[in-house]
Amino acid sequence: MSWFTSSGGPGLLPYLLVGAILFGIGVTGVLSQRNSLMILMSIEIIINAAILTLVAFWRFVRPDQFDAQVFVIIIVTIAAVEMASGLGLVLMVFRQRGNANVDEAKELKQ
Amino acid sequence: MSSGLIEWLIFLSLAMIAIVTAAGMIITMSMYRAGLALMASFVALAGLFILLNADLLAAIQVMMNVGGMLVMVLFMVMMMMDPGGEMMWGMKRDMHMRGPGALSMHMPSGPPPPEEQEGQLDAGAMSDMDVQETEVGGHDMSDMEMGSMTPRQNYTMMVDMAMSTAQLPWAIVLGVVSALLLVILLILTPWPLAGIAPTQDASRVVGELLLSRYMIAFEGAALLILAGIAGAVLLAKRERSRVQTPPETKQRGEQP
Amino acid sequence: MSVFITPLFVVCVLLVGTYFIAVIEQLLRLGLRSIGIALTLPLANAIRLLYQEDLTPRGADFFLFRSAPFIALAVVSLVALVIPLGPTLIAFNPSIGLFYFIVLLSPFVVAITNAAWSQNSKEGLFATFRAAAYLISYEVPIGFAAIGPVMATQSLSTQRIVEVQAGLWFVVWQPLGLAIYLIAALFVSFRHPFDSALAGSELEGGAFAEYSGGRLLLFKIALAALFLLLMAMGVVLFFGGWQGPVLPGPLWFALKTFALSALVLWLAHFFPRLRHDQMLTLSWKILLPASLLNITLVGILTLTIPVGR
Amino acid sequence: MIGVQVFWLAPLLPLVAFGLLALGLSRSGRLASALAVLAMAGSTIVSVLGLVAAAQGMRATVSLPWLSVGGRSLTLALWLDPLSALIATLVSVIGFIVFVYAASYMAEEPLRGRFFAEFSLFAGSMLTLVLAADLITLFLAWELVGICSYLLIGFWFERDAPPIAATKAFFTTRLADLLLLVGVLLLVGTVGTGRIAPILSAVTGGKIASNLLLFIALLLFAGAAGKSAQVPFQGWLPDAMAGPTPVSAFLHSATMVAAGVFLVARLYPLFLVATPALQIIAWVGVLTSLLGGAAALVETDLKRTLAYSTMSQVGLMFVGLGSGSLLAGVLLLVVQALYKSTLFLAAGAVDRAVEENTTFMYMGGLLRRMPFTAFAFALSAAALAGLPVTLAFPAKDAILAAAWYANISLFSAALVASLLSALYSARAFSLVFLGMPSPTAQNAHEPKHGLLVPILSLALLVPLGLLVNAAVLGHPLSRLLGGTVPDVPMVTGVTLVLAIIGVVIGIGARFIWPRALVWPSLQTIGPIFAGEFGFKVLYRLVSHGGLGAVRIANIVDHALFDTLNSWAIRGLLAFVRACAEIDRTLFDAFAGVVVRVMMTVVRASGRIDLRGFDTTVRDVGQGILTFSQRVRGLQTGRIENYLLFVFMWGVGVLALAVLVALLR
């Protein structure tokens, strides 16, 4: 099976499997964690899974076109921005209520 | 040993590190350790990028994420009262809780036990718990009398220390299901493989692409960073007027 | 076999260089007359530390506390791979060598923060904050200062940067870049005016407060080696690396590196230790605008004078 | 020829000055003003050299590659051609004099470093706009001009009015700029290049569909109207007086307001081809001119009067351009810039003299106190009114002649506007400099030399400027730009007569009528007319037609006025007031009608709803209500539960994808 190996080494599929597993872990983290900082970190895992998939596709499907690397750079940038503004938000929430737990933020209902 | 086999070995070990540390981030008790685990996962991913001939991306991955995670860790230590050392671990051990010490606690299931009418131990003990220090500077839990803890107090403490919400089972189910579905989808889809290896110098080509075809995206990312900085500063800035005026008025009221 | 010999060689060179850095430090402290003492004291210190009892404080994070010195040393030896010692004498020559160098500086700070956090003490916690804050503040100036030579060379490869400087060293027309680079290098290597994360008197050793024996020795070696490597990269970026007449390349390189280290250490003597907030102010309000100015100047010069190409 | 080689320095010098000042040199106000004035002097020399070169038939282009988007490379390009050289010279000469004036006008200002930095940027970006060889560069400079006007109008941001005025100006012009941007992008996208010369040749070559061309022309004109304060966008101009006087002088003469006219002149072939566009421009111009003139007649503030007069003059420029004569518009642009900046500088000196007051109430009788300023003001007001100050005929003649050729109704409307300009300029002059001095005007004296010298030198430039197309010199402007200025002797005669009548009425109102009031029986009413508000009361009296007005009018009318004269004035003033009224209420009324129609429609449909669909709707609503009572339980208000739903949806999508893949 040529997806599985490429000139002896690991091919496309193993990388994609790693990406899928990381994605699952990230989803679990986002949904289960109580602290909003941990949720942000889990989102980082999801983003990195996506990046790994993108790079794997670049390497095995279109190695002559470097557009995928450009996308990865832009995704990493956007992830950093998301992290910065997320941290700002969490900091503000923390100042207002003394903790940053998501299950204690129930204003949406009231 | 052929080069392919070595490559497989490196791949497997790096993938193992990436997955295990990512999972470790979720299940570890200390947030500092969680941040470090995530960092390790990212570094392992950078190793995978090098295996994929994307050296530039590996370097970028390390640079962006190590710095970012360190800041994250800083925030955690500062805000989430996550002090150094094995404090959580020791606390769990001292309280005779089940499970390995390093792993996080989850929300207790079931309804809370009824509240006691008169507290057997003074109410201050619970809140002072993580502030007490020995003269060495370390945290010491030995003066807590665990046996005297009522079920209700035990319950509230479990709730306070839990790292995950009550929907943890749902989350695990969804994570596993989504990973499985993705795997099925990945196997079912016929990917058009190109049997060649990249030859050009990535940094040069990517730089040229960024400044020609993806100029708009590049500039947009710059704008986004600017907006992000401004937004983060605005959000994180303490509002002077609201914070500082009340004590002043109070003081002024008290002085005469 | 070269896979095993090259790292060994790099580590050996690193250890020897670190020894000389220590000698230079002692010389600056004791004066030139007591050169005999200066030559032997570092070795004696090392042996003393090796025989010291290796303590682990109660409640310290077992894994992180033990692994931190090794992480630091590993990072330093990885960084050393991309330094070109001679025309063909380089362990690893990727096309993004300089970027690789700058990127791998941040894991070193992670090692320091790990060491500081894991020892379960207040001083360590403060050192964690300071070290992490420095990471954010030095990364930008050192990167911008290193961009100057890159703009002139139009390549990120360290070997290529050295080759381009055959005619004219970059220090001649980028003195501002050099100044920024050296200040930021002192920042990165936790050296004297900027060592408040490890401050001896203030935080009782800061990140290394609870370290003793072999681990402390490892940390000290890693710190000195990091300083050496930063000076070596300074020579690569601004002083033409191994380029020089008559003498062989590696010798020229060693001479320049140690001369630069001695000069920087000597100059650093004249400044008092900066408080952490002063360091942040210096980094963000002075070094950052200055490095932007440097980039502008270098850009204009690169476009107008064809020297750099 | 050196002018060709260095002409690009003209915009660069002020921009460099701005850069230096922005980098921290602005701390020292003296240094900042010296640097700014020096830079302007340099760019004046450069642009005069460029004009000489252009007059000798030389052309030059300088371009700097900027970036390439979508395979198209964008360049920043400047060029030297007759029109750009002429306007650049105008901008830099006026800019230089205004800078010198500002150096002493702002001498006591603590933040003048910032002022001069922004002012230099303003001048530099205007020069860039004028010399731009491609539309992208032009648009960039255009935006810079807008930003600078915002910064400069709001310079005294700690006061009340300036920030509001600045914001108003910024947003009004911004809206117009958006339309301009759309137009520019459409044009660049259609032609494929941003360079003006290829665009114009493509347009005249008929390579663009006429509908699209008309659309583009209207969009471009909307942008021009925004900058030049034409009818839909006119609101910001009078408020912009909140800025420092040198800013107003510069903004109203050669920079911001001129930018719109310049844009139309620059792309004139395009407008010529896009058929109805010119007519629209002409009518918008004449409408603005009438409104501005009418407003100028009843305004009580000197600077605001001048602002309204700018509106009316720029409107006349558009009339000239819209009547098919490029030269007429450009001629008025050049001449107007000279005398309007003189007027503003003199107004600034007058404000200073009467203790920083700007309303007419505090002025009057300044002729004896400030003879030089009065001379400069009189010279430029005469030019504004349309009197032949020098051997040349006033620039307005060309406009009117062009309008005569174009359309008779346009001509008559423009004639009224021209009469209005004579009236308000004479009124402003007489209110400020003639009659009895007010208490504040008693102590007025000539401004210091730093202010007086620029005023006088600019005033002396006014006759020279009028001579720019004089027959005596052999029509230099016509030779420079090519083509001829339309000339109809009959129209010239009519205009001259009208101008003289207007001036006589305007000044006579101040002189003759109070003298006629010396009748013993009317001694009591005398002060009303001799006082500050002779005009204002008159206007109010005639136009309002109210109770008090009628009372005074009876006395005045029966006792003393020549009936004919009185009726003429009354009719005129009624028209004036009506115009002002229309200006104020037209849009309101229109909105009201629209709202009323909408309301009727809505009510009608509501009635139908009630009868027809009510029962069904109620049943459905009941069903939804019971259903939603059950669904309500899902809304827990907890973030993590919502996240769970979101991800469940995502997993559902994934499952769908897997199903599709399996089925295939």
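As written, the chain order gives the labels A, B, C and D, with residue 1 at the start of each chain.
Methods note: contacts are C-beta pairs under 8 Å (C-beta built on N, C-alpha and C of every residue); 3 or more make two chains touch, one makes a residue touch a chain.
Predicted, not measured: the structure shown is a model, and the values here were computed from it.
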Chain pair whose interface holds the most contacting C-beta pairs: A-B
Most remote chain, CA-based centroid, reference being chain B: D
Centroid spacing, where centroids are CA-atom means, of chain C and chain D in whole angstrom: 61
Chain A and chain D: spacing of chain centres that average the CA atoms, whole Å: 53
Geometric centre distance via CA averages, chain B-chain A, whole Å: 12
Junction residues of chain D, two or more chains touched: 640, 644, 647
Multi-partner residues of chain B (each touching 2 or more other chains): 56, 60, 71, 165, 167, 170-171, 174, 178, 182, 202
Where chain C touches two or more other chains, by residue: none
Touching pairs among all chains present in the structure: A-B, A-D, B-C, B-D
Chain D partner contacts - residues on chain B that touch it in the complex: 165, 167, 170-171, 174, 177-178, 181-182, 184-185, 188-189, 211-212, 215-216
Chain A residues within the chain D interface of the complex: 27, 30-31, 102-103, 105-110
Chain B partner contacts - residues on chain C that touch it in the complex: 57-62, 64, 94-96, 99-100, 102-104, 106-107, 109-110, 113-114, 116-125, 128-129, 132-133, 135-136, 139, 156
Sites on chain D touched by chain A in the complex: 635-640, 642-644, 647
Residues of chain B defined as touching chain C within the complex: 32-33, 36, 39, 43, 55-56, 59-60, 62-63, 66-67, 70-71, 73-74, 77-78, 83-87, 90, 136-139, 201-204
